[in-house]
Amino acid sequence: MAWTREDMAARAARELRDGFYVNLGIGIPTLVANYIPEGMHVTLQSENGMLGMGPFPYEGEADADLINAGKQTITELDSSSYFSSADSFAMIRGGHIALSILGGMQVAENGDLANWMVPGKMVKGMGGAMDLVAGVKRVVVVMDHCEKTGAPKLLHRCNLPLTGAGVVDLLITELGVFEINRGKTPVRLIELAPGVTVDEVKAKTEAAFTVAV
Amino acid sequence: MAWTREDMAARAARELRDGFYVNLGIGIPTLVANYIPEGMHVTLQSENGMLGMGPFPYEGEADADLINAGKQTITELDSSSYFSSADSFAMIRGGHIALSILGGMQVAENGDLANWMVPGKMVKGMGGAMDLVAGVKRVVVVMDHCEKTGAPKLLHRCNLPLTGAGVVDLLITELGVFEINRGKTPVRLIELAPGVTVDEVKAKTEAAFTVAV
Amino acid sequence: MADKVAKDAVEALSGLLFDGMTIMAGGFGLCGIPENLIAAIRESGVKDLTVVSNNCGVDGFGLGILLESRQIRKMISSYVGENKLFEQLYLSGELELEFNPQGTLAERIRAGGAGIPAFFTKTGVGTLVAEGKEVREFDGEVYVMERGLVADLSIVKAWKGDAEGNLVYRKTARNFNPMMATAGKATVVEVEEMVAIGALDKDNIHTPGIYVDRLFKGAVFEKRIERVTTRVKEAV
Amino acid sequence: MADKVAKDAVEALSGLLFDGMTIMAGGFGLCGIPENLIAAIRESGVKDLTVVSNNCGVDGFGLGILLESRQIRKMISSYVGENKLFEQLYLSGELELEFNPQGTLAERIRAGGAGIPAFFTKTGVGTLVAEGKEVREFDGEVYVMERGLVADLSIVKAWKGDAEGNLVYRKTARNFNPMMATAGKATVVEVEEMVAIGALDKDNIHTPGIYVDRLFKGAVFEKRIERVTTRVKEAV
């Protein structure tokens, strides 16, 4: 029984530590905010220029001047601060964010990540993803283990254009958790979702990996 | 009858234009603020992080948190704003200041300026002078025509370490005014102080110059 | 002082527009965009524009209206996924596109305004973004050189401004506006509120007046929201 | 949250000092200097320091007291003309000195904090400052490459701060403090006033708390003035 989206978000939340400043990408990563343990102080950065993102506003209270990087309306906290895009990415590029959790299209043994472009299809743009993976201290990718076609996404080498080279620290899929360590060590499968076998993972993975569950 | 320090400041003030943002150096350039024509709107920048410098405070009203680049206590105006040193020099380096008026030790035909260091003597440092001459659109130097020894200071080439290469637009001394034009054209003497002759200027100047008074 | 205050967008832009020019436009998505100035640029008919903006509006609003009128020749952006017309024009070759990582775009603009012609960044190393650019190692890490960016005109949206051109922005509507204000040969600003000189807190002016050539109080601020996301108040 | 608030300078610095380290110290002249932290560093006896600071205090105050105690091995500054002891130590070879143009120093620190290892500037081209550095032409102008600068520790003086480490500065006491707050591996801050979280205006926080590791309310703020210059009130 593979993990659900919510399970994956909950697992990603276990990478949080007290006092962390964190950037969460669009999709499952956004759900991670719902699993911050009670009493743990985590500050969410939004790369469009905010530290201390609050929850969605109550109905009728949305403010057009207050959105997150996914263009959703949000709220502020007592501790929030606003700044320009240049200051925001100075923060990201300068290594001041402890953790980035983001989605992926492909992850490779060498820590490469592709998540912004499929040649021949429409290109939407990389937004802040390249800056995040280049600048943030620890990068966790949360993605489906395979494509809808069944093709594996954890590969020897990415064949889609890269978002960053040698940038992924940890990969969470519905089947389990992989230590990628930016390609500095061999990939290790370190957790399995309940009911998932190593054989199943091997069948659905192109990358070589050792098993340490 | 050569110009006094006050005369030189008044002459330098004639380089001001309505709406100008201006940086004034230490010494005679500071006096220029006293000669801004009535009704002309000139905004003074202080490179330690202020636009819209006001006059010295009244006795007993000095604020330790409000000084100019010469470390003198000053006041603010209604229109003032404060910013960091990085933002201040972004403004300077980015060419947003229209005019810088500063002192000099030597000026050369090619527009070079030396005003920060005498080898073998104590070096105090260039402070913001190198940034100002490199970044500000128009650079006016106000200095004594000769050293106390009588040695000329308007030279073929500077022999002191440079503050900037090819940066001086105009030179004002107690004897007259020289168009330097960053060395792009031959030096021209364009004004004489009352009672000063071209011959006197020639005798006290090493640089070649044409006369257009 | 040469008066910086204009009565509207048309007056504020007068004499500044020409075909083939480069325009920087503030905003992130539809948040903090200079909607009055965009509308006036549409009315002006100026064409063959290169527009530097993080996004390109949506179909029918923001910079999207300059796509409809085919006034934009090239976009320099980080993300344009919100706009279907954009896709069509790009695929048909009517529109040129240069993608920059968002932080690189922000820093290029900041550098342009700050007199820095080039800088090095880790962002994009080993990707398409670094192709054709100088890469260099510093202290064992590899970086790519990126160039400063300036524009003929920057159009900026602020919250409040005074007659000196001092500006403050509100919440995440700040985004690209402050850097763009520094990087335009001319900078024109629309504000929601004009305030008296001295009314803004001197310690907290986001854009000092030196960067602003003209400003005006915007006639309309529609401030559309792309994705209204809300939660329900729990019953007590 | 790991509590950022310390009771005093000694507690705030505990575990962060070591011989031979590099320290950035905010302030311009004596304006906006972290005087409580400087005093605590003097008391700690840590030595062989490289200090990055625009100036080096005056005889007997500010960083000048670390010269007296011979704790500084090298200064990276733009102007040190206020200090006679400095001159003696420099001429006798006891003190190393690296001059940076003030704007280059500010930008190097900003770059260090922003993950930019190097940038190009016009400042210093054709002068001693450019010697031994790469110079390069961009668009017909010559520039020199300067490197980003980081420190083991940044000591910062702010006006107000909250327990998250959000800071605001006052008037020209801001100067180098905000950039230095971003460029220290550790950043320790003294404030004149600790305020409740939420008391600072969110649109106007000069240094977001992410940059601050520890902060405390300074015990003493002598705030000496180097040059009190005043005018006389005209009789009415």
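Letters A, B, C and D name the chains as they come in the text, with residue numbers starting at 1 for each one.
The rule is short, and it goes like this: contacts are C-beta pairs under 8 Å (C-beta built on N, C-alpha and C of every residue); 3 or more make two chains touch, one makes a residue touch a chain.
Source: prediction; values computed, not measured.
**Q** If you take the chains that touch chain A and keep only those that also touch chain C, what is left?
**A** Both chain A and chain C are touched by D, going by the contact rule given at the top.
**Q** Comparing the two chain pairs, does A-D have more C-beta contacts than B-D, or is it the other way round?
**A** By number of C-beta pairs in contact, B-D is the larger.
**Q** Which chain's centre, taken as the mean of its Cα atoms, is farthest from the centre of chain A?
**A** B
**Q** Using mean C-alpha positions as chain centres, tell me how far chain C is from chain D in Å, no decimals.
**A** Computed value for the inter-centroid distance: 33 Å.
**Q** Quick one: report the Å distance separating chain A from chain B, using the average Cα coordinate of each chain.
**A** 54
**Q** How many angstrom between the C-alpha centroids of chain D and chain B?
**A** 28
**Q** Go ahead and note the Å separation of the Cα centroids belonging to chain A and chain D.
**A** Centres of chain A and chain D (C-alpha means) sit 36 Å apart.
**Q** Which positions in chain A are in touch with at least two other chains?
**A** Residues 76, 82-83, 89-90, 92-93, 135.
**Q** By residue number and range, which residues of chain D touch two or more other chains?
**A** Expected reply: 107, 110, 114-116, 121-122, 169-171, 174, 202-203.
**Q** Write out all the pairs of touching chains, ordered by chain label.
**A** A-C, A-D, B-C, B-D, C-D
**Q** Show me the residue ranges of chain A that touch chain D in the complex, using the header's touch definition.
**A** These residues of chain A touch chain D: 18-19, 21, 41, 43, 45, 51-52, 76, 78-83, 89-97, 135.
**Q** Using the touch definition up top, name the residues of chain B that touch chain D in the complex.
**A** Touch residues, chain B against chain D: 46-50, 55-74, 76, 82-86, 88-90, 92-93, 112, 117, 122-131, 134-135, 161-166.
**Q** Can you name the residues of chain D that touch chain B in the complex?
**A** Chain D reaches chain B through residues 28-32, 54, 77-82, 87, 90-91, 97, 99, 101-107, 109-110, 121-129, 159, 169-179, 206, 223-233.
**Q** Which bits of chain D are touching chain C when the two form their complex?
**A** Going by the criterion above, the answer is residues 107, 111, 114-122, 138-139, 141, 143, 147, 168-171, 174, 201-204.
**Q** Contact residues on chain D for chain A in the complex?
**A** 1-2, 110, 112-116, 162, 164, 166, 182, 197-198, 200, 202-203, 205, 208-211
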